Amino acid sequence: MTDVLGIYNYWIYVVLMMIGLYGVIAKPNLIKQAIALGLFQTGIFLYYISMAVIDGGTAPIWTTIEDGAQKFQGPYDNPLPHVLILTAIVVSVSVLAVALALIINIKRSYGTIEADEIERMDHEDRLIEYRAGQAPDAADDAEARHHA
Amino acid sequence: MLDVQAHLPVLIVTIPLICGVLTIATGKGWKPWAWATAVTGTVFYLTILLMQQVLASATGVVSYELGNWPRQWGIEYRVDALNAFILLIVAGVGFVTTIYAKKSVEKEIPADRHNFFYAVWVLALCGLLGITVTGDAFNVYVLLEISSLTVYALIAMGKDMHRGALTASLRYLILGSVGASFILLGIGYLMMITGTLNMQDMHERLMSVPGILESRTVLVAFAFLLVGLSMKMALFPLHMWLPRAYTYAPSAVSALLAATATKVGVYMAFRFLFTIFGVGFSFIAMPTTLVLATCASAGIIVTGVTAIRQTNLKRMLAYSSVGQLGYIVLGFSLANVNGVAGSVAHILNHALMKGGMFMALGAIVYSQGRCDIRSVRGLGRKMPLTMAAFTVGGLGLIGFPLTAGFISKWYLVQGCLERPHMWPLAGVVLLGSLLAVVYTWRVVEAAYFQEPDDDRPIAEAPLLMLIPMWLMIGASIFFGINATFTGKIAVTAARSLLGVGP
Amino acid sequence: MTAVVLIDTLLLLLVTVTAVAIIEVRNLYASAMLTSVYSLLMALVWVNMHSMDVAFTEAAVGGGISTILLIGTLVHTAREEKPLKRRVHGKALALTALCGAALIYGTFDMPRFGDPKAPIHHFRVPEMMAQTVGFANSTAGKQAPPAGFDPLEYRSFNGAVPSVPVDPADTAWRETSVLAQHGIMLPKVNGHALHPAEPGHHLHPPDDFNGHVPNSVTSLLAAYRGYDTMFETTVIFTAGVSLILLLRRPRREGYLQRSAPLADQAILRVVSKMAIPFILLFGLYVITHGELGPGGGFQGGVVVACAFILFALIFGRPALYRVLPPPVCDLLTGLGVLMYSGTGLACLLLGGNFLDYAMLDPISPGDGEALGMTLVEYGVGITVSMVMLTIFNQLAEERSK
Amino acid sequence: MQAHEIVTTILLALGCLVSMTGAYGLLRMPDFYTRLHTAGKTDSLGQFLIFLGLVLVTPDLLTQLKLIAVAMILMIAAPTATHAITKAAHLHHLRPWTKGDPGGEP
């Protein structure tokens, strides 16, 4: 078994991810869900960056020190995950922007941003749709019952 | 000056990218549509060329190194029979759907944003094509996000017809992002343990370093990739986003999505399960067959029953799509040549049939403003061509002989019978067909054997809708009668995926 | 325990606490502000892990743009979350616990945190790193090797990995020595030809520029994985177009009205007038300087967008629209992506592969690569800044309906 | 330890201390305005001291200049931000706490 000290960093990313996932599932507020989705993704970023770290390493940038001469400064951290995560951060902010635009639209047409209330309204919409789609006599019956 | 043949794989993706961006500047009226049609048409032509190139090449693989960096360090495009086939489907369906979109979009989307709509439309195709052509694991994720973001926006454009489109889109956004994040995580686990991102390179590493496949990291990567991919391709218990999204999206978008989006998800599953992990790990060491076949069978039956109860025909077809996806997954979960070939063939056949059927529904929405079982009553006489297309498509879903659906189900049943103890799955396939008979019959009965509610004259759909619709349905009949092309490609692809000699 | 680990632990603890607070606090404004705090803490974590570019991006995006977007949305949706009936959602807790357990199970076979022997540190990437500024094989390139650079020392991670052969082309050592020491990864030594090439460009010699710049993150981002970055730009563009599709109202409805509430504030006006030129300059500096230090098109673009947003906040959107009318903004949004893909296409037309920058300058491929990388960085910068501005405008227009 | 390092240590410690008092004030003060008052002022001074300390130990001139520039920008930006926040609160009619008021928040 690998020593626990060596992999604790990966556990924290799991914790962050799971906090995010919990928020996505458990919170009915849509904005909360969008924020939680962001947390969830940041957890994955942390994982990627953790894997780039190397003992005694420095940032993967060749620095210019003293009279413009470049100096080699020992092992550099792996730049590949950094590049991937730069891309992933951009993707996550794009997703956030689109989610927020949708949420604003939802607020416009539903008047609320709580998932359970929206779910109820959607359900009513679907009942109306279902009735309208049935044979006309059945729909009339349903309407008659509704009025009775 | 430009050797098109040499750069086909990259042109297929970059032409829709560049032209998609340019769509914004095309102005108003019919121009964005004409531009989008021209672009998708060009791309379709290029995919045909690529298909020929792949079939003609000695190795069966066309590789393209972007920026001239060696594939282990840069990004590689790698096209074999399977990709070329899926590319052909996506580009072809994309082209036909774009032609179809004009009338439907005019009706359903405000005129002042048609240029933006078609820009997003073309970019969605760009993302889907990109996923299919790439040989780099992380590139898959980026392109997946492009296709997802565009699809969220496209679905939400149904908001002017029904507000449900917004919640459908947001729900898909959240589930889709979680799914994509799982995929990203799986890729990360694989990268950490193999040190590379190129799919071929990853596979070589996984195969050449003993013990690596038994490590818990690879196990977890596999599990999370499988869950993420299942979310993206709407495999049964994780399909919850799909019915609403297809129901409330604009008609043209439903047709495009039904025919391409989940198919590309299945393609990704092929690549990850077969190409990266390899058949030995995915299907022999892991109980994948059991898990996937169970989910798929349950999906076929449950969604079939649910589809029967729907009055909204778009929703009915959406549930049926989940069921049909079950067949595709069932096929490749068998991991034998017939099963995988059936699965590959069904990708094409289902794309054609379901695309055509959604187009028929779009035509009904175009003339009536809605498409429930009540609004099709007596429509068999008023819109004969549209309803005939729907009926033929329905026969395909059932798997009626001489339709394309029959071919793929034939392969599937064979595949089921070849695997020991898997014969009950053949029963599931047949039961699914029975359910399809029921839900198709309801519509056929309403259309041909019931009287309409009133005597309003209803015109047949415009020609610009009928032609694409019948192109799709006609193709599905053609591939049902002449199965050589599909069969050949499907078997070649299956053999190369399974690593069996040709 | 090194300092990195200690600071890391403390920071991550703080981050976790903030994350819990973000989820649990009921006031959505507080939640949005905590998200900003969270991002800044994350940026510190990235710096501590030596990932300067990611830290820069996280600070600009998470701390800046995301917060602006969130608050812009909160203004016209809701201030508070509805009180929940149950404090803890049992099903969600069970599901996340299961998921987390699975992920933690997967970590047990991972290489230790910071382990120089991890596959990712000695497979594929070192060749790329050792090539940096063209002195991989100690041959004279366009740029001289830095003083004190010892390729052998570099390849052996300062002696952490023994028995590295002198010849860099001999890569068998990775398969035999290092992997064998690492418990789970015993190599199959049967002459698997896994390393057919050095990571250099196919067409010109390895001692040339080869897409390498001092900031190796940029070299990977714009050269080796330039294609990913092109799509990253497209993702941003797509987000911008989606926002327009979803939120833009017909002209004259929510357009050019209501003067800015802050224009009469002397201090704000003066300070922002002083600051905006410098912010713009800094943005351009970050874009251009991305090859030498942390930064690049994305970060710089966000900084430029922030300048415009600040202008709009203080002087009002009508003033901003006079400077940068929305149609121009829309076109510029696309221009960035076109600049990127156009560079790629130009390489294609000049006879190379897509995004083969070396083709841009037939006499000195290295200069061509430098030119290509600069062009694409500017492409990213233009798209990112304009999309961020478009998103802000759409959210702000929403408010004045 | 050289002289400039000692000076740096003292400056850094002082900067941290000042910032800490700001954090304490944030918790201790009764209302919005007073809290911002402590936080804004101490932050400006604290960060300035820390930057000054860092300038003394930085070897090359360019980085020193950069640090000084950052310090200058923060010196202008932080008080302006504080001003903007309080102004916004004032415009939205948030009343300051006065001696007779109960508890902390007005």
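Every chain is named by a letter (A, B, C and D) in the order it is written, and numbering of its residues begins at 1.
As a working rule, a contact is a pair of C-beta atoms (placed from the backbone, for glycine too) under 8 Å apart; a residue touches a chain by one contact, two chains touch by 3 or more.
It should be emphasised that the depicted structure is a prediction, and the values quoted were computed from it without experimental measurement.
When chain centres are taken as C-alpha averages, the shortest distance to the whole-protein C-alpha average belongs to A. Comparing chain pairs B-C and A-B by the number of C-beta pairs in contact, the larger count belongs to B-C.
The distance from the centre of chain A to the centre of chain D, with each centre set as the mean of the Cα atoms, comes to 34 Å. Averaged Cα coordinates give chain A a centre that lies 25 Å from the centre of chain B.
Look at where the CA atoms of chain C average out and do the same for chain D: the two points lie 30 Å apart. Among the residues of chain C, those in touch with two or more other chains are 103, 107-110, 118, 120-121, 125, 225, 228, 232, 235, 238-239, 242, 246.
Counting only residues that touch two or more partner chains, chain A has 21, 51, 80-81, 84, 87, 91, 94-95, 98, 102-103, 105. Listing the residues of chain B that touch chain A in their complex gives 138, 141-142, 145, 149, 152-153, 156, 159, 162-164, 166-167, 169-170, 173-174, 177-178, 181, 184-185, 188, 191-192, 197, 311-312, 370, 372-375, 453.
Within the complex, the chain B residues that touch chain C are 1-2, 7, 10, 14, 17-18, 21-22, 24-25, 64-70, 72-75, 112-113, 116-117, 119-120, 123, 126, 130, 138-139, 142-143, 145-146, 149-150, 152-153, 156-157, 159, 185, 189, 191-196, 201, 204-205, 208-212, 214-217, 219-221, 223-224.
Residues 2, 4, 8-9, 12, 15-16, 19-20, 22-23, 28, 31-32, 35, 38, 42, 45-46, 49-54, 57-58, 61-62, 65-66, 69-70, 72-74, 76-78, 81-82, 84, 88-89, 91-93, 95-97, 99-100, 103-104, 107-110, 112-116, 118, 120-121, 125, 129, 132-133, 144-150, 153-154, 157-158, 160, 214-217, 219-221, 225, 228-229, 232, 235-236, 238-240, 242-243, 246-247, 292-294, 298, 384, 391, 394-395, 398 of chain C are the ones that touch chain A when the two sit in their complex.
Across the interface of their complex, chain C is touched by residues 73, 76-77, 80, 83-84, 87, 91 of chain D.
Within the complex, the chain C residues that touch chain B are 102-103, 105-111, 118-125, 127-128, 179, 184-188, 192, 194-203, 211, 223-228, 230-232, 234-235, 237-239, 241-242, 244-246, 248, 250, 330-331, 333-334, 337-338, 341-342, 344-345, 347-349, 352-358.
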